[in-house]
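Here the structure comes first, spelled out in structure tokens, and everything after it is commentary.
The letters A, B, C and D name the chains in turn, as written, and every chain counts its residues from 1.
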Amino acid sequence: MTDLVDRQKLSYIAAQAADARLNVELETEGMTLNIGPQHPATHGTLRIIVRLDGEQVVWADPGAGYMHRGYEKLTEVRTFPQVTTLINRIDWLGSFANEVPFILAAEQLMDIEAPPRAQWIRTILFELSRIANVSLFLGDLGVQLGAITPVFMAFRDREYVLNLIEGATGGRFHPNFDRIGGLKDDLPKGWIDETRQVMKKLRNFCDEIENLLFGNKIFQDRTRGIGVIPPAVALQYGMSGANLRASGIDWDLRRDQRIALAYDKVDFKVWTHPDGDSFARCWIRLQETREATKIVDQLLDGIPSGPVMAKVPRIIKVPAGEAWVSTENPLGEMGYYVVSQGELGPFRVKIRTASFNNISIVPWVLRGVYVPDIITILASLYFILGDIDK
Amino acid sequence: MGFLKDRYNEYGKGMAVTLNTLVQTVKPKKLGGGAATVQYPHEKEAPPLRARGVIALREDNCTSCMLCARSCPDWCIYIEGHKELAPPRRAGGAPRKVNKLDRFDIDYALCMYCGICVDVCPFDALFWSPEYEYSETRIADLLHDKTKLGEWMETVPEAPELEAGAEKKKK
Amino acid sequence: MAPLSDAPDAPALASDTLRESIVDTLRSRLGDAIVDVKLVPGVDLWVRVRTDAWRDAGLALRDMGFHYFCFLSAIDWMPSPYGRGEDDPTAPPPERKTEIVQGYTGGETRFQVFARLTDLERHVGITIKADVADVVDAADGDHVIDSWVTNYAGANWHERECHEMFGIRFAGHPDLRNMYLPTDFEGHPLRKDFPLLARHVKPWPGIVDVEPLPDEGDDAAAGEGASDD
Amino acid sequence: MIAVDLPYWAQSLLRVLGGTVAVLLPAGAIVYLFLFKMMSFMQSRLGPMEAGPYGSMQLFAEVGKWLQKEDIQPENADKKIFKIAPLIVLVSTFLLVAVVPFGPDAYFTDFEAGIFYALAVSSVSVLGILIAGWSSANKYSLLGGLRAAGQLIAYELPMVLAVIGVVIQAGSMNLNQIVVQQNAGSMFGWDGLGNPYLLTQFVGFVVFMIAVQAELTQAPFDMPIAESELVSGYMTEYSGFRFLIFFIAEFATVGVFTLIASVLFLGGWGIPFSWFGWGSLDDVDNWMNIVGPLIMLTKMFALSALVMWVRFSYPRLREDQLQRFAWKVLIPVSVINIMVTAVLKVVF
């Protein structure tokens, strides 16, 4: 351990020296501010230690792990069907979307494909969970910036989406509806019409948020030009989802990979923004919510008829092999690297979550910003603690 | 006027949204207004038929085969049973050996409401009920036994009809 | 970055020219440092490189257009001595296989690191693996492999996670503090021989079986559909 | 004119009671009407509904709850100062209300330099906030307190400058005189509406209301509290009844500031004198001492509804943007307003 300790000491001494130099230059004493683990802006238990000079950040060090639940270890003692109910809880706001890549990876290993109807319904529910997730982001964004009303509007309209998810799957937050080879059940009667109605409400919600928040001059002043992430850096850190597209990189796994979901049957636009700042990230999410309602509408029109479950043995043993499947989840790219050794349960599951990579850029992006901008940047990067800590 | 219009877009539109919502909320229910919230103990929302509220047990169907207890990811189902002889179905037949259920407990403090036990049950003994009002003040009180689980059988709804294009269930 | 839908729709290929060309380029860059390649046409590509070429492999791939860093992690190939924790504590522990079987592209050691990179231009991803020498670094008791931080800045957190979970030290990493666990935590949770306490503090409820009739032996075990591995 | 002559002690008692009512009644009403109800309606919900009819007793329940709570002081806090800080903030509100006229004779004191005094004592609350932030021994409180000090001082200035326009036009610093000037005045010879300075001093009104919004630390200027950044700013460490005092002070100050704004720009307790044929203050009938406060309250509610409406709709500015806005926009605008007012005063 000596090596490590020495290095820690050295880095500590270096930090102290840097501080001292700064203090001598400016004749001020820095302040270390401990944001979190219990802080209203970290929606969860993220801890960020920031060194301040006045209200300006000298360095920032995020510390995760206050909600580490060890899912990668837990999957190793569970069977494949049991894992689905567990991974629901990683990104708890878009939980259905968590199940899909894992199920697809297992299906890839077993060399089966879900019937078309199941794929369509999966895609619909996938987009619904995106809407449920991102609409809460749009509301929460207001709270982070001091506007209290948007979050209530978000909760109001997200409720409709959650009711839809509950109506189809039985679970509001944790559907556990995906099965290897298809879905647990078909949609209940009347669900499609109801979904169409709700999509209209959600588009209205997007307009309201746009007027209330995005059009507001104060909001724009707070977010434009703040926390700019250039595309090269975004790629290096493996940022994904809206964060990547906000840096001007046109990459969306819904469109850009072959996957057993119905995305190739619909027509949708992948929004990008050249700026890479906080405003761009938020704006892209708003546009994506709108786009998602349109995707759902298109999918509802063309659900094929047929079974929702392929022929799958009752006791699922996945053949030995390795598979990586990732999808464009509400937070970004989420994927599972599943290693099976022909047992009832997986041998190892590496869970690649979007927030983990998206937040790893925080020390880089927070350098030199002001305390209020920390909150703007964190809000616009949009993380879910369960998604960071797994 | 361009100046004023810009200012309206920047500052006024948001206030128009909140005012609009206020009017919508104050408007009587008859005119399509009203709040989005429900005054819970006085009025209650009906959960969808499929809602996974609580697991109900039809004790007669249970053969204490342990399948649910073994497939539970959380290990929250506890079953004990014994075999006993039951009178034969037809007169003159040999007495049947049946499994008699002694204990069927679900610890709802551990339960993740995944529904795997309901799915795997081969004898239709477990059902989902949308019932949700069973909170307790002590966490240990959430361990419910088969009598309580049996009472919830009354609240189990019929499975909903399926959307057009769905394949008929084979069962 | 042309959308995928614009590309000519390739059916399931018997041969995958794109991925084969990637392997060829990589081979020309790294030479015999590539130990094994597994290619599933139209699906995915796995490449295993020698331990000492791990950092160079990342650099080579970055130069080849794999700009997007997806993740880096490790795997412990030793079978778990505890199974799924469903043993009867009163009975003697069952026999389990102890032989190490590696997955795609093989391997010689218990630990492997693997990383996933994506080329956004060509819409292709690659999983790259390397063995982690079983020789333990005497100084800190860790297994050692080169760090990727200089290749991809995003590898920083992934390597920290890997270090605490598997006890693999990444030489050249600036700051291998624990990320999730307390600083004084002992052991490496994702190693297979690290027991999952939640599965040990109470016996599996599935062990209990239906009591047989008093006059009957144990032969009539109940559990119609009961199945366990 | 009131005919009864009361002894001094009775007058003092009446004044104290009246002052308490004048502070607490608007505060309570604002909290219930706007914070509980208007905000809830703007957010598609009903707000408190259980305590009393339509939740009208909620405020008493809340006060009861706060009074029961433990009065916690952080270990490293400067305890004496920490305890006294909320009181200073509240005292500033009581001092303010002393000069507000509610009717021709319904006032607590009749200062000649009333508005001058009001603007002076309104900054006493800064001291309370600053020492609350400083003595809490909490970094968030400290940042909040410093932000509050910077902000309140920056917005004091445009507020004073906006008032100068009114003072020039009215030719008096006495608040009752300002009321009379507005109600007895005329616009271009037509006196049907009197001459509310809302119309002639519209720029001043806008600047004044923005400055009030900032003085009250309501969104979009709520960065001293900034619950998503600084947890709760200078109030972070306060609990129990000391937090209650901060809370009351916040909304009582909303009430008092909007009272002052209604005096300065909306004609205060008065209705246009020409409706009743009154010429000056002496002509005003006695019943105005009863009706006046009601008129005043109505105007106050209209203005505080505006304050609250903005609060519920807007996100928060950043500290440097706020300062820039004060120094680069509000102050130049109000200075220009003073010049224009002065020129017009001389011309007409």
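Assume a residue touches a chain if its C-beta (ideal position, glycine included) is under 8 Å from a C-beta of that chain, and two chains touch if they have at least 3 such contacts.
Keep in mind it's a predicted model, so treat the numbers as computed, not measured.
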{"item": "Steps needed, at fewest, to go from chain C to chain D via touching chains", "value": "2"}
{"item": "Mutual neighbours - chains that touch chain B and chain C alike", "value": "A"}
{"item": "Remotest chain, chain C as reference, centres from CA atoms", "value": "D"}
{"item": "Chain closest to the middle, measuring from C-alpha centroids that were averaged per chain", "value": "A"}
{"item": "Separation of mean Cα positions, chain B and chain A [Å, integer]", "value": "27"}
{"item": "Euclidean distance of C-alpha centroids - chain A vs chain D, Å", "value": "44"}
{"item": "Between chain C and chain A, distance of the C-alpha-averaged centres to the nearest whole Å", "value": "23"}
{"item": "Rounded Å distance, chain B centre to chain D centre (Cα mean)", "value": "52"}
{"item": "Residues of chain B touching at least two other chains", "value": "11, 14, 17-18, 21, 36"}
{"item": "Multi-chain contact residues (two or more partners), chain C", "value": "227"}
{"item": "Set of chain A residues in contact with two or more other chains", "value": "78-79, 149, 153, 156, 212-213, 216"}
{"item": "Those chain pairs that satisfy the touch definition", "value": "A-B, A-C, A-D, B-C, B-D"}
{"item": "Residues on chain D engaged by chain B in the complex (per definition of touch)", "value": "38, 40-46, 49, 309-310, 312-314"}
{"item": "Complex contacts: residues of chain D adjacent to chain A", "value": "39, 42-45, 139-140, 143, 219-220, 222-223, 226-231, 312-321"}
{"item": "Touch list for chain A against partner chain B, complex", "value": "78-79, 81-82, 84-86, 88, 117, 149, 153, 156, 159, 163, 166-172, 174, 176, 184-192, 208, 211-213, 215-217, 303-308"}
{"item": "Chain B partner contacts - residues on chain C that touch it in the complex", "value": "202, 204-206, 208-213, 216, 220, 222-228"}
{"item": "Touching residues (chain side chain A, partner chain C) in the complex", "value": "1-4, 8, 11, 63-65, 68, 70, 72-74, 76-79, 108, 232-233, 235-239, 249-251, 255-258, 264, 270, 315, 320-324, 326, 333, 335, 337, 339, 341, 343-345, 347-348, 350, 352, 356-357, 360-361, 364, 389"}
